[in-house]
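The chains carry the letters A, B, C and D, assigned in the order they are written, with residues numbered from 1 in each.
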């Protein structure tokens, strides 16, 4: 048991949170009837992915990736800057996606006066 | 500015074009369409120039910001990407030419934004096929997806719901891709495709998991069965122009990414021998072919029928990817261009019919073939190609697929692929019969579509046939060089 | 998710300085970022220079998102469009926002322009600035807040942002370099200073785009636009 | 430009060129029909111009461009293809005259579409005749299917439409089977070019594999050839206007099927292989059963065209049987029957059409006494039917005779018996018609006269040709020489 837990829990405990977040997000996506909540689930899912990248960037004893003359340009002393850069972009992308999704939801709500999936399907069937 | 700058030009021209469309649109909305068409035309020209260059001097690598990979992002224009770039820009041009009246009808007063967004959509797609960097690919994937959602929502009453569903599915797909990319990055420390292909170790668990996740993510975007549920709604409720623009190229580009990553980054042996990914794709696609064709038969709405047949036809490409033999892959790539042409033609015809009759129920089409002879001549050609009868492109892509399937001894695949074309024949001949034979009175005042609308349709109709007759030219010019490492087309 | 658990052992240990990801490319970034562009904030250098094209893509994403909201929600002629937000009648909120807004905006500018030396940059700063405007919208109501930032300005802002960034690239193209190759800017400075400058321009472009887009998205979401009844 | 190698191409051009011209001149019927006639004449001329080369034993090859790796779109004129092309193009001339008379006589709708599709069909047929490899063959074969469909549904009545659906329901799957077979051949043999005597051999796979491929091929082409049990589209397709039935269901389509059988047996598999894998007996028995059953069924038909359809099915099986017996004489007979049956059967259809145009009668039971009013037509009918019965002095005799010799040569006397039997059956379903037509009277026909010369001339011509060939089979087209060339090249032995 331990030889399985050792690599997983002791060395890589942080990834467990990614997994949890991913599952939470998927749960919201699949289970929730309210479209807004679905959207939130989607956001959580994206956040989990972002978190996953950031976790990789972390180094024990690493400082913020801002060049410091006292430290010098020694990679092992800074946390990995690349994932941070990538995730900045990824965050913006997810913000943009959320914006569009919200716009669509507003449109849907204006047209059908509901955001509950079942009622929506009901109205779609009627129309 | 030298020839070496060609790869970057397409995205830049499209971006500048989009902003220009917005700015001029505020002053003279009528200019927007002309400007968009001009942009597409110039992109097509650039694509041709790039194709010529690649054909003569081999793949072009372009280091953005002057940072050589893997430090910076690079664009790679090799035969495969140029091939897809040609398809994208060509289709885009033909759709744009006749788009004005339909767009003005579907999205009154908002056509300027529509054209700007479609240009950005094309920017995303061309970026995807050109980039050589996996994260950059993700960014462009999202650009194209976001604009695609918006274009889809530009349709009828239900378009909003369809678009939202599409958005959720698409974003999940993209997130899976990003997650897989995260695994790859964590074990290789690079994002550049060629660099990663060298550094990754196919045996490592994260790599294999990444392969699975990326396949799932792209499968969602490519609408591989059973991940195809979003597609029929999206294509049906989107405005006719949006469908004609999205349907032919969006799923194809996802297929491109799949090919690029599976065969060029992971390598053929890993995805077809170490892991059963290729086989999985193959069988799912076979199921998709059957399901799509069967569902198409049951539809009463022309667009919805075509949408389901898209599911089936894209699955053909999936079959080719799954078989992972040179001939089958050639069939898949050939089907990319032939299906893009025929499906674009069909959807443009739907648009023209909606424009002339304001209706697209199958029942209302009876006898229209005589009212709009040119349009429906092209429609017939495209339909014949969908069924896969000679001498059209559809026939030959099927020919290569079947040869590839027989070479690997996948007899069931062959049988299903052939059987499915009977299903296709069922619904298309039913359609053609009613189009040409039945008479209906309320069609009396209907005229042939205006030239700008009809011309692209006819061109596409001709192209469908020419791609069939001269498919070996395409094969020699593009597909042989586009083959992934290790796969060679004999003969 | 079980798959992920399986994959766990294959991943580099958490916080492991010797992990593959930490080496290779990112090491190169850490070592050369300052020398290349005279900018201590390595992340800024990466997003605006090494991987500037990604950021341009990011700007386009933001831009198209704003365009999408505008396309989806805004009526074709502004006269029909009404806005939901009225001026608040609570003095506290009113006063607070009056005090906060300038401070936020100054800080936003600082974040943008100090992004070279400290965490921050175009996107963060732009978001802050947009936030200050939205604060005004919420508290003062739509109509009264137009004088600080008119709703007719947002799209032009976004376009300007895109054009600044893309145009920067075009300039380097015309100057004979590759796209976004800042060291080719025809200004006759040291290479690293040129890159430094290029990064700054890029960040400003990002900021413009973000401000314009976020405000426009907010306006569109909070207006009584298309859809009821379908026009 | 008119060199030996380009000649096959020029054979395709006239009908191909006619299509746009016909469509363009839809408004002016006379001009439109002129195009059709011109195309038919020039096509026949081009084909005939190749006769000397073919008789010298040349095989004219001309390659257009590459269709797929190692497979070209190429045309090839060998005796068999030439014979088929000659029949098709010659009969197109008479049929065009006849069609003009017919469609105007019955005031058909959509005449432009009619003539255009007709030209398409001819292009496809000539293409089939001259195709040099299986892929080219398949191309034109499917093209023929497509272009015949509009003709089958031409009347656009419920019956016509359902006939069309039935036609597709049979021919499209057949096309797919053929497609599969060809793909399989390509994978195993890596080559698709026709070779007299066959290019497949036992080294290309086990006997079972080859038998399966052969079966697929036979299903693929057999449907068009109306081999039982794949025949039932043919009688229904008689819903089409008579000239269509005449050319397409006595000449082009069904003959394309029979021609396909000859190609596959003689030029893909070849006698040796078929003997080795023993597939020929199966085919022979299918043919034998078909020609008996079809004749029996023909007797039961009261609708003249349906009776003719069943007789067509029977007579196609003569060709198939000849191909299956693999002996020199049987192949000679098969090739000859390809030609002679075409002329005879088209005469019969012309007569049926003429009667229909004049009296709108389709049922045999109503035709008693018609012969007295339309003596020329019915005389031609009598000649043609006697020819099919195998009456000496009319062309059908020669082919049946050599088929009989062939069956003996192959040591299969039983098939000789079947041939004789079906001859008797032929007599029993043709002679009553003639008897009733001439020796009964029907007051209803008092005001009936001969049909218009447009209709009568063609059937007189074809009937005369049959008689002439009955006396001198080799006259004009050198049919016998060609047939012997074919038999020799395929079986490798001389006949007689």
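In this text, a contact is a pair of C-beta atoms (placed from the backbone, for glycine too) under 8 Å apart; a residue touches a chain by one contact, two chains touch by 3 or more.
Predicted model only: the values in this text are computed from it and were never measured.
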Please identify the chain with the largest separation between its CA centroid and the CA centroid of subunit D.
C
Taking every chain's C-alpha mean, which one sits closest to the mean of all protein C-alpha atoms?
B
Between subunit B and subunit C, the Cα-mean centres are separated in Å by 31
Just give me the whole-number Å value for how far the CA centre of subunit A lies from that of subunit C.
19
Between subunit B and subunit A, distance of the C-alpha-averaged centres to the nearest whole Å
29
Separation of subunit B from subunit D, taking each centre as the mean of its C-alpha atoms, in whole Å:
44
Can you tell me which residues of subunit D touch two or more of the remaining chains?
none
Note the residues in subunit A that touch 2 or more other chains, in rising order.
22, 56, 83, 86, 89, 93, 96-97, 100, 104, 107, 111
Hunt down the residues of subunit B that sit against at least two other chains at once, touch-wise.
135, 139, 142, 146, 149-150, 153, 157, 185-186, 191
Any two chains that touch count here, so list every such pair.
A-B, A-C, B-C, B-D
Write out the stretch or stretches of subunit A touching subunit B in their complex.
22, 29, 35, 38-39, 42, 45-46, 49, 52-53, 56, 83, 86, 89-90, 93, 96-97, 100-101, 104-105, 107-108, 111, 120, 124, 127
The residues of subunit C that touch subunit B in their complex are 3-4, 6-7, 9-12, 19-26, 28-29, 49-54, 57-58, 60-61, 63-65, 67-68, 70-72, 75-77, 155, 159, 162-163, 166, 169-170, 173-174, 176-184, 230
For the subunit B and subunit A complex, residues of the former touching the latter
135, 138-139, 142, 146, 149-150, 153, 157-158, 160-161, 163-164, 167-168, 171-172, 175, 178-179, 182, 185-186, 191
Sort out for me which residues of subunit D touch subunit B in the complex.
65-70, 73, 138-139, 142-143, 145-146, 150, 153, 156, 161, 164-165, 168, 172-173, 175-176, 179-180, 183-184, 186-187
Of all residues in subunit B, which touch subunit C in the complex?
1, 5, 8, 12, 15-16, 19, 22-23, 62-67, 70-73, 107-110, 113-114, 116-117, 120, 123, 127, 135-136, 139-140, 142-143, 146-147, 149-150, 153-154, 157, 183, 185-191, 199, 204-206, 209, 212
